[in-house]
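Common to both upcoming complexes is chain A, partnered first by chain B, then by chain C.
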Partner chain A sequence: MRKFIFRILSVGTIPNHIAFIMDGNRRYAKKHNLWADDAAGHKAGFLALTSMLKYCYELGIKCVSIYAFSIDNFKRRPNEVQYVMDLMLEKIQGLLKEESIVQKYGARVYFRGNMTLLTEPIRVAAEKAMVATANNTGMMLFICVAYTSTDEIVHAIQESCNNKWVGIQEANGSIAWNQAIGDEEYQLEEKAIIKLRDIEKHMYMGVAPDPDILIRTSGECRLSNFQLWQTTYCLLYSPAVLWPEIGLRHLVRAVLDFQRHRSYLEKKKKQA
Partner chain B sequence: MICLLTLPPVPLELKSPLSFRTRAQQQHSHPFSQTLRSHTVPHKTLTGGGTATTTVANVALSEHNDLNAAEEGEPLPAELNEELMPNHVAVIMDGNGRWAKQRGLPTSAGHQAGSRSLRELVEICCKWGIRVLTVFAFSYDNWIRPKVEVDFLMNLFEREIKSQMQKFVSEGIRISVIGDSSKLPQSLQKLISDAEEKTKDNSRFQLIVAASYSGKYDIVQACKSLACKVKDGVIQLEDISESLVEQELETNCTEYPYPDLLIRTSGELRVSNFLLWQLAYTEFFFVKELWPDFGKAEFVEALISFQQRQRRYGARLS
Partner chain C sequence: MKSYKALNLGKLRYLAIVVGSEEAYQTSKVIELLQWLEAIGVKHVCLYDMEGVLKRSKEAILEKMSNTTVFQEADENDKLLDQKHMMLEFVSFSDGKEAVAKAANLLFAKYLTSNNSSEDQEGEIFTEPHMTEALRAVGSGGPEPDLLLVYGPARCHQGFPAWRIRYTEIVHMGSLKSMRYGSLIKAIYKFTMVRQNYGK
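Let's look at the complex of A and B:
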């Protein structure tokens, strides 16, 4: 049945990259009277994630990114933060196992965010997982941890400034020795100090294509500092369902909406 | 005012990660409080002499071309809570072209109708004590639109600024324009500059018009500015932080740079290179109506939805 649905969807354009904000784990736990245990909601959320990854893989989506843990989430109660960190460590180590979904789908895993904010065990495990999957050519899976878009942009700005500054200093050095370089060229170099592509190059998410669809569950309609730069043209879809309850039908709906909007945009482009 | 074309990005020429959003502290007395107003605007006593109890003034608000609308405050609809009104509303005014097409009219008619919607919205925002309204009038990405349409829009801008100037001055409205103004016609640039100068001390309400604006461009220019400061030794590379970037963005012209609510009309579900950094925690509200059909009723619906939202900024409320 699922294969049949996916075959129909494949008649239209399949999005390259879907981004997920997995919101609603705690509300799910509360709803099912598991509220005493923060863990239950997050565990259910992880199961939902594996299902979504499976569907995305079967549909032929090349790239998936998930907002696993925001820098803002460090503000939560220490025991919830600790639980999520422990769960993350457990799951990252699980990725290295042969039977993991990542290995099954040949996915290449990328951890993106301000990794210095994480403890060493997690950093080490993440690094191992990235190395272990580096040769995988299936889906690209971006796991955003200790991530916010504004932090990413600041980091990209710092790197761009640093590179350009080093570049200019080198140019300055060579000017002293090379009489042939005129003042004009030097002025141009000065003026063209930072360009859009310099910043994009240094984004944590730089190797990924921009998302085509951003799905945020639990009905909240905001970005919460996730991929602000990268999602500026993408379709924003916010179903009311809580993350642990997300299903195939939501993904299908999102892709259908994407295809419908896309054909409208293509028409508009032709008119321009 | 314009039907935005959402295209793939056009190539442009542009420590302390735990610094929790100072924007939340800017806007709220308590970071996670639902109370958005740090003060209440006495919108019923704007000019001397008006009695707060009269309701005759409400009728005047629906007059599109009435520049001398009564100064009496329009009471907030019963469904809205004054304490939960947003400080800053942003709008992507999409759908003018489709509106005109539906009626067999030229696109310019759609833009004219759209400008009426804008004037109405400014009126309502003023009366209901919203402090800032930012509107996406013309995207940097829109320069590739047909010349006829672009020229018409530039003329429309000029006409609107000229015709509304008196109102801005008399009603304490400050106008600011953000975007790459170098691409605008010289006459419009001068007009904008004069209007900004004339109204810069007005503090009742601020209208920010994003013209030839791109959220990415805003960040690139902030970055260039910071790079120059580093080069000149004003700041160190390590000093570059979120708050330094915030100060360089074009929204540094206002006390409330971060929209609480973003409304986009015409059913499009995307941001399309409008404010980018500034929308990190903004609540989005997408509306099916085309911009010329967006009026008070639709705005109230957006505000009701906004007031029901729980804004957590990544933390937990309980």
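Let's look at the complex of A and C:
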């Protein structure tokens, strides 16, 4: 049945990149009176994630990004933060196993965010997972941890500045620099040294195409500092369902919506 | 409509309206929307369209709206307290990414100066508060809207300055042509009922 639905969807354009804000794990736990409070909600959330990744893979979505842990989430109760970190470590290590979803779908994994905010075991595991999947040519999976857009933008600017500084120092030593100092055009360009393309190159999400659809569950209508820069032409979809309860029908609805508005969004992109 | 009479606008300090640029030419519709917002009691509105059509229609809009002033960074503190006036801000795509690039150059200038001294200032220059300050310095430092209403075919913020929509509720209203007062009230009412955790 699913194959049939996907075949119908494939008649239209399939989005390149779908982003997910997986909201509602804690509410799900409360709703179902789960004994281990939020922890069980996050576990259920992980199962929902594996289903959604499967559907995205089968539908031919080239890139998926998920808001796994925001820098803001460090403000949560220490118990919960620790639990989520432990769960994350367990799941990242699981990615390296043969039977993992990532290996099954040939996905290439990218961890994106301010990794210095994470503990060493997680950083090491993440690095291992990225190396292990570096040659995979299937779906690109971006796992955003210790991420916020505002941090991403500041970090990209800092990297751009560092790079420019290195470039200036190198040029200082060369003859070309000495000649250029006299060149008026060069001096004018000096005034706007950091260009937009420099910043974009250094964004954590720089290697990903911009998302076509962003799905945030639990009916919440905000981006909460996720991919604010990249969602200029992105369709925002906010189904009321809690994340652990998300299903195929929500993905289908989002893709149909995208197909309906594609020509409008393409037109806007061209006008920019 | 009766149940919406007790509209608590306390939470709605700043409202943004995103309009598709083709629809933004319908100045009379924009004015009508602003008049509705004024009647509801919204005091601070930011008008956005990608191409800056609304910016160019600023004079025409202000002419029809009595008791309205334009948002200026300088008088931010004075005017925000002035309850009699409605304050309007006009924003377009160039106030987003391009403004960030301009602000980046301000930070770069600071960085170059610090590199000439012996102290390691990098960690103190590249911070989010400094970025906010730099954006203000280049003229793109308006407040963060609490609520953003999208009038257009799709629910898409169309490049509203990223720095300002971290926790903004984004609601799709349909086309400007078929806008309804009831839908507007409902959207604002629903907003006042939302509870945010801010990540906690």
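We adopt the following convention: the second predicted complex is superposed on the first by the 244 of 272 C-alpha atoms of A that agree within 3 Å, B and C clash if a C-alpha of one lies under 4 Å from a C-alpha of the other, contacts with A are read in each partner's own complex, and residues count from 1 in each chain.
Throughout what follows, contacts are C-beta pairs under 8 Å (C-beta built on N, C-alpha and C of every residue); 3 or more make two chains touch, one makes a residue touch a chain.
What you see is a predicted model; the values in this text were computed from it and never measured.
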Joint occupancy of chain A by chain B and chain C, clash or fit: clash
Partner chain in contact with A:114 - chain B first, chain C second, else both or neither: first
Partner chain in contact with A:157 - chain B first, chain C second, else both or neither: both
Partner chain in contact with A:229 - chain B first, chain C second, else both or neither: both
Touched partner set for A:39, first chain B, second chain C, both or neither: neither
Location of chain B clashes with chain C - one stretch out of 20-28, 128-136 or 182-190: 128-136
Chain A residues contacted in one complex by chain B, in the other by chain C: 70-73, 75-76, 148-151, 153-154, 157-158, 160-161, 164-165, 192-196, 199, 220-225, 228-229, 231-237, 261, 265, 268, 272
Touching residues on chain A, where the partner in the complex is chain C: 70-73, 75-76, 148-151, 153-155, 157-158, 160-161, 164-165, 191-196, 199, 220-225, 228-229, 231-237, 261, 264-265, 268, 271-272
Contact footprint of chain A on chain C as seen in their complex: 20-21, 50-51, 93, 96-98, 100-102, 104-105, 107-108, 111-112, 115, 122, 126-128, 131, 153-159, 162-163, 165-172, 194, 196, 198-200
Chain B contact footprint on chain A (complex, rising order): 26, 70-77, 80, 114, 117, 146, 148-151, 153-154, 157-158, 160-162, 164-165, 168, 192-197, 199, 220-225, 228-229, 231-238, 257, 261, 265, 268-269, 272
Contact footprint of chain A on chain B as seen in their complex: 5-9, 11-14, 17-18, 20-21, 144-146, 215-217, 219-220, 222-224, 226-228, 230-231, 237-238, 240-242, 245, 268-274, 276-277, 279-286, 309, 313-316
